[in-house]
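Presented sequentially are two complexes of chain A, the first with chain B as partner and the second with chain C.
The block that comes next holds the complex of A and B.
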């Protein structure tokens, strides 16, 4: 078994609103990513995907707060570390983040190279500007970006170029884990393709060791990542290999989610798209039972009463439902 | 860089056009006031004279001297010619002093009062606004309403308010003039101290209003910038908060620079009022006296100076802006 790069155990974080209410957007999430692997996280908006991405960084600022759980990167537990130590020795170095809408992620009045200088000097204050420039130029060229980008301001770059620049800057220190939060959702398909290719290159060239890719675009996820995790209302409801998660989902929510999208594959011409009725629960007062029960067409009265745990069906496949795999397959066949 | 030069010349052209129109208005508007300033001077001189033909002769002489018996168009061309040579003519109300003389005596008072007041107000206001955005909580809750209240105070209201509290009731500072009326301008300690004391009330009444307006603007700009995506991203790249705050305030400051240019414009409009209230010997008081005395050349010259100062300040800021903000430069160069 390959080395585990990122392990998360029962991570729980919450938002504290202006009115002192707690919103549990990430609730007891556990996951594991091995070296050389990528994990996709899917779910509808507001399910906690982005919050999970922020929570994984181990560096919290209001309104997000850490509650419990462990984050372990390459054997080092970073949860519970002093915030300033996390900032100096973990962020950017061990774990890096590509924000959603990376278009606005660069300071508009700063040249790219100056930002890179700030990033590197925040971790190694002794590095000289010349060394930084050489490193940046080399890294940019390796990733297929012209070195002239370094001397530009963000406004002088196109959207796709800005996105790729942000990715290149994020991995400048060669982090072990890269968390990409919808890195391609605001781009046209051509730029999207380039971004995806770049992320693959990062893995192949060993600049990063593992990746978590968050998106609501399942077809993309299926093509990019090894495993897929489906989130609903702050919890993980299913985890499986990419192919199985898309074409053979077990959890009723995953089933509904996959039924509502088109994955370009042969033989899908006649498939009717379906929608899931209802809305996700309010996370200020999460239901005590299964969080999907309200919207689930197979729900039984018990579903709403008892807390549902994860079921492990082997081959790295888990899901959160009261029904066994057998029972689920039975109901789906009759549906 | 070629595009930038074009932008520069284009701007310069627009400022030149603005200047021409301002110059025209500066000349025409005072002369549209009803009343005859020469008659006022003559009646002052001819007090007690009973010889009507003598009075006539004096009137004739002054009309020739000031050129008021010529048509407005003719006067205008003579005026342009003289101004081109730096000659603004005689002041009607303070004859035989020349306009240049009167302005020379007052302009330094205005510059020494307004520039520091506006710069200090701008600096304090921006610092307070930035702090309010960063610290939030109680500081923000107190500063915000106070700033709104203060910035909406009219200039004369603030001046009177200061005068009544600190001048009349507390008697901390004198209420009028640029220095003690019993002193002769000199480099004595006595005189300098008197100037400093007289400086305080008009100075702070301008500063306080400027602080309010700038603080409100800076606060909202900073809040906006603090929530920008690049702040979050920079944090996650491990950059120190202090450095990020530096980014934020630099960016938030940019629109405030425009605010500074504009306040140099209003300085002469709004803040001159403070001079009038405190009878400060600056351009404001001079302008007021010129208007009361229908002193056309003095009004035109004062307003011309004001116009030129505003135009130059705005021009400098427009050009500087391109150098501080790459986004503006990109637009300018197009």
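The block that comes next holds the complex of A and C.
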């Protein structure tokens, strides 16, 4: 078994609103990512994907607050550490994060090389500018970006190029875990493919050791990640290998989600898309039973009454439902 | 509905040039098209290929530099405001960003009432107007009682986009132009929006023009697909023809760049 790079145990974080209400956007989430593996997180808007990404870094700022749980990166527990220590010794070095719409985060008045100087000098103040330039040039060329980009301003670069530059800058220190939150959602298909190719290269060339990839585009997740985790209303509802999660989903929500895939392939024109009716629950007062019960067409009265745990069906596959695997397959067959 | 196939909207040598002299940008370059009545047509291209410029010309929001646009096989005349308003009774649009499509000062009631007025319903009794609005809202699974007296920004993105469809339901235009109607909403609500659009089209028989960069979506919904590259149509034909047996290099590249689930996705070609 490969070394575990990132382990999360029962992580719970909440937002505190202006009205002092608690919103549990990440609720008892556990996950494990091994060296050389990538994990995909899928789910609809507002299910807590991005909050989970933020929470994983161990660096919390209001309105997000840490409640309980453990985050272990390569054997070191970072949850509960002082925020400044996390910033100095963990972020960038151990775990890096590419936020949504990251390409708009570049300061338009600074050249690209300046961002890299900033990052490296914050961690190793003694490095000279020349060393940094050499390192950056080497890294950019390795990733297929021209070295001339370093001397340019962000406005001189196209959207796809900016996004790839941001990724290259964020992994300059060679983090063990990279969290990519919708890294390609604002790009057109061709630039998207280049970004994905770059993320693959990062893994293959050993610059990063493992990756968490967040998106709602399922065909993309299927092609990029080894495992897929489906989130719903702050909880994990299913976790499985990428192939199983897409072609043989167990949880009714995953089933609905997979039914919304559109790809330009033969025979898929006549497949009926499935839409999941209703809206996700309000996380200020999450329902006590299964959170999906309101929208689930197979729900029984018990679903809303008792809290549902994860079921393990082996081969690293788990899901959260009152029904057994056998029962679920039975109802899908009759549907 | 007419049984014979006739082009409801067509164009010959339609061109749009922005700027002058050396600063000149040819956004749409001599395109010819025939959009047949009752069909679903998709216009697919990358960002910057001129899709939205073409859409604006079709809607009459901007003028075209050269060429002719024909509506109902007659040359389109939108030279005066009055003629424009007449034209807009026949063609309506849904835009990409539902958040900026509404006037933030108008309540939802007035958004829908405007549509009724446009169809000449100004003199109807109040109860009849409410009935029409309720019907339109229930078509897209919204409850009018919950929306009345609310402002558009109090709704979620998916709800706003559905309200847009409710507008179209009231207006019943001959042509609907949908410019990236699902690109701002996530995959599971996308299925809902597409469902309503397809249902609307099968009920009213209107011609629908989808503008999108998502070739998968184009394949799923449309009868005819036009592929646009740098202001030109490089390939067009029935959806099966264009997507499954593409002839143009650009089309082939667009298709190969989309992640697939049944076929291998080749990453080496970038």
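In the analysis below, the second predicted complex is superposed on the first by the 327 of 335 C-alpha atoms of A that agree within 3 Å, B and C clash if a C-alpha of one lies under 4 Å from a C-alpha of the other, contacts with A are read in each partner's own complex, and residues count from 1 in each chain.
Throughout what follows, a residue touches a chain if its C-beta (ideal position, glycine included) is under 8 Å from a C-beta of that chain, and two chains touch if they have at least 3 such contacts.
Please read all numbers here as calculations on a predicted model, not as lab measurements.
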item	value
Fit or clash - chain C, chain B, common chain A	fit
Centroid geometry (CA): angle chain B/chain A/chain C, rounded to a multiple of 10 degrees	70
First (chain B), second (chain C), both or neither touched by A:331	neither
First, second, both or neither for A:83, with chain B first and chain C second	neither
Touched partner set for A:142, first chain B, second chain C, both or neither	neither
Which of chain B and chain C A:16 touches, first, second, both or neither	neither
Which of chain B and chain C A:260 touches, first, second, both or neither	second
Overlay on shared chain A, then closest C-alpha pair between chain B and chain C (Å)	10
Contact residues of chain A, present in both the chain B and the chain C interface	none
Of all residues in chain B, those that touch chain A in their complex	228-230, 232-240, 243, 247, 250-251, 254, 324-327, 330
Residue numbers on chain C that touch chain A, as the complex places them	46-47, 141, 156-157, 185-192, 194-195, 213-220, 239-240, 243-244, 253-255, 257-263, 265, 267, 270
Contacting residues of chain A [partner chain B, same complex]	57, 59, 61, 87-88, 90-93, 96-97, 99, 101-102, 104-110, 115, 118-119, 122-123, 153, 155-156, 166, 169-170
Residues of chain A defined as touching chain C within the complex	44-45, 159, 188-190, 192-194, 196-197, 200, 216-220, 222-223, 246, 256-257, 259-266, 268-269, 273-277, 279
